[in-house]
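Listed after this line are the structures, all set down as structure tokens.
Next come two complexes, and both contain chain A; in the first it sits with chain B, in the second with chain C.
== the complex of A and B ==
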């Protein structure tokens, strides 16, 4: 896909598995929203090709350009764009009425229930809070029986409490409906929570694309690795709870983690971000520590991070962790690739501020 | 209070103004939509053309209509030949002249409200499967309804008083083309007609004020109704 604006050029290509959530992540102005508009058919790129499960929606070379109204891409916009002259009920049914009769998908009651908007049906959009508006917009898009759901920073216009209110609904929609989702965002916590697949964009170009967990452990992507909350995403399963100790045991391929007590039932799969700055290392097995998680690890590689800091890639069983340490520590401990180490992560690092995230089932 | 002739002039004025709005409204909405949303060569020309009656002397507009729609004019001759329709010296002609004069008033009002409609809403309707006509009818039209209504009422009020274009195009025939302002003009030209002129002028004034008040009220009512009122 290529498109030029005055002073900006978009040149991006990627493929994502369907179904699943693909997050397009990048700083503001990197072209991710333009990309989404082009997929939706609301913007015609100078050159490009968009195909969904074998159906070509746009191919400028072949002269194919399905109009947006026939692409069946449900869009959730940042500013909700509910029709102000229609009630919530009529807004929700707008796409449903226009969906092909043979298209199957969520029923009205089911969506209303799932999004908790039943008590809002008779209201006008002007009488809704920001979070309620986004939930209705999400329902409206879902009910249009889309083949693809496009979300353009659906939480960006909301304040933190409203974001926290809507995010679980997005996770529910992802789990309940099998329509593939393309999710544009510049918030990493939304990626952690929702995305299976990640596309990193900067200045109109795709830097990297791949499974979210794999990309999270790459130290060579400053867009991720240079962040304060950089760290490996681990896909875990809840093993058992220890209410007396206030801890929950999580299992991941290659080890176990003790985190503050969670409410999820044993067996539930979730995803946690192990921030690189929360991981310490030791060259000998440490004793007498408050740290609950001491994992045997192998140092895969070292790369310079911020000034006087290094990013370590650690192999723990089949999983990979990132650790951010000072260059002084690297020199003092004479760290070198291939070395056997212990990775230390305190349980408190997984407390409320780093909510452990639900992983796709 | 009023003689039958004077009542006739009032009724004729109302009928002419009403018809001018009825016929002028659809093309005015179309022109406003083209000007607000369209991207085509000649847009500036259309804009100028639409606004011409606002800045040209009404007499010139009337004369142009006479030249075009007169029985020997290019359009008038065809209308007469094909449909037997004659516009000159008829009530229909008075309505046409009035419609042309008030056309820019409607276009301006509609265009203002069109500019206030977020194109993002039309894009959202598109993504939900609504084709061009569908989204115009279900999204754009309801949102610009206050503009259309206030434009129509303003045009109606202004149409009651159209003078120059009417008298030039269809002349001043009592019962056929003699609307309120024309009747007032005739009264002032008649010795002892001051009382009649004053009565008709008062009616004219009352109708205009009522029209403007109605336009404002209706616009606000409708705006509340469709949920666009300031929160």
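== the complex of A and C ==
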């Protein structure tokens, strides 16, 4: 896709797996919303091609440009864009009216139930909280039985408690429906929670694209690695709770983590961000430390990070972790690639980064 | 012990307060300053930490915030 505005050029290409959630992540003004608008058919790019599971929606070279209303994209914007003079019920049924007659998809009751809006049906949008409005907007999009859901920073206008309220509903939509989701955001916690695939954008270009977990351990992507919350995303399963110890055991391929006690049932899959700044290194097996997670690791590589800091890539079982340490520590411990080490992560550090408990259905 | 953490502050445990899962451990350094650590209750138990013990607060350099007096 190529498009120019005065002072800005979009030149981006990527492919996403379907079904699945692809997050398009980048700072404000990087072109991610322009890209989404072009996929939706709300903006015609100078040059571009958009295909969904083999159906070409746009191909400027071949003269294909399916009108927005026939692309069957359900769009959710930052501001819910509900009809202010209509009730929640009528707003939702508007989505249903837009669905093609032969389209399969969620029914009215199912969507109302999934999004927890049954008690709001008679209200007007003005009488809803910001989070409720976004849930209704999501419902309206779902009821149009889209082949693709497009979300343009759907949580960006909400305060932190409202964001936390709506996020589990987005996760439920992802889990319940097969429609692929293109999700534009500049919030990393939304990526952690929702995204399978990640497209990193900066200044109109795609810096990198791939599975979210793989990109999280790339030390060469400052957009991620230079952040204070930079770190590896680990796909974990709840193994066992130890209520008396106040701890939960999580398993990841080739290793285990102890985190503060959680309420998820054993077997539930969680994605955990192990922040690079929370990882320390020992060159001999440590004793007498309060740190609960002492993981045998192999140092894969070192790269310069912030001034006087280094980012270490560590192999732990089949997983990769990042650790941010001072250059002084690298010199004192004579760290070098190939070295056997111990990666130390205190359990209490996970209190801030493990995902919130899913809302009960 | 060979650790990457740059700051190892030796002192004496002056308080151990357990919470639901996390405990706060206060360590008084020789100069009289007190450092508080937030660690799991289990870590308190496995180290058998109690008031009066000699212990060190270990802090990654990147976790230290500086405020100018």
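Methods note: the second predicted complex is superposed on the first by the 351 of 361 C-alpha atoms of A that agree within 3 Å, B and C clash if a C-alpha of one lies under 4 Å from a C-alpha of the other, contacts with A are read in each partner's own complex, and residues count from 1 in each chain.
The criterion applied here is as follows: contacts are C-beta pairs under 8 Å (C-beta built on N, C-alpha and C of every residue); 3 or more make two chains touch, one makes a residue touch a chain.
All of these numbers come straight from a predicted model, not from anything done at the bench.
Of the two partner chains, chain C is the only one that A:333 touches; chain B does not reach it. Look at A:347: by the touch rule set out above, it reaches chain C but stays clear of chain B. Here chain A touches chain C in the complex through residues 242, 245-247, 258, 260-261, 277, 280-284, 286-292, 309, 323-326, 328-330, 332-333, 335, 344, 346-348, 351, going by the rule given at the top. Of all residues in chain B, only 118, 120-121, 123-131, 134-135, 138-139, 142-143, 226-229, 231 touch chain A in the complex they form. Within the complex, the chain A residues that touch chain B are 40-42, 67-75, 77, 79, 81, 83-85, 94-95, 98-99, 124-126, 140-141, 144, 150. Chain contact summary for the complex, chain C toward chain A: residues 1-6, 20-22, 25, 37-44, 47, 49, 58, 60-63.
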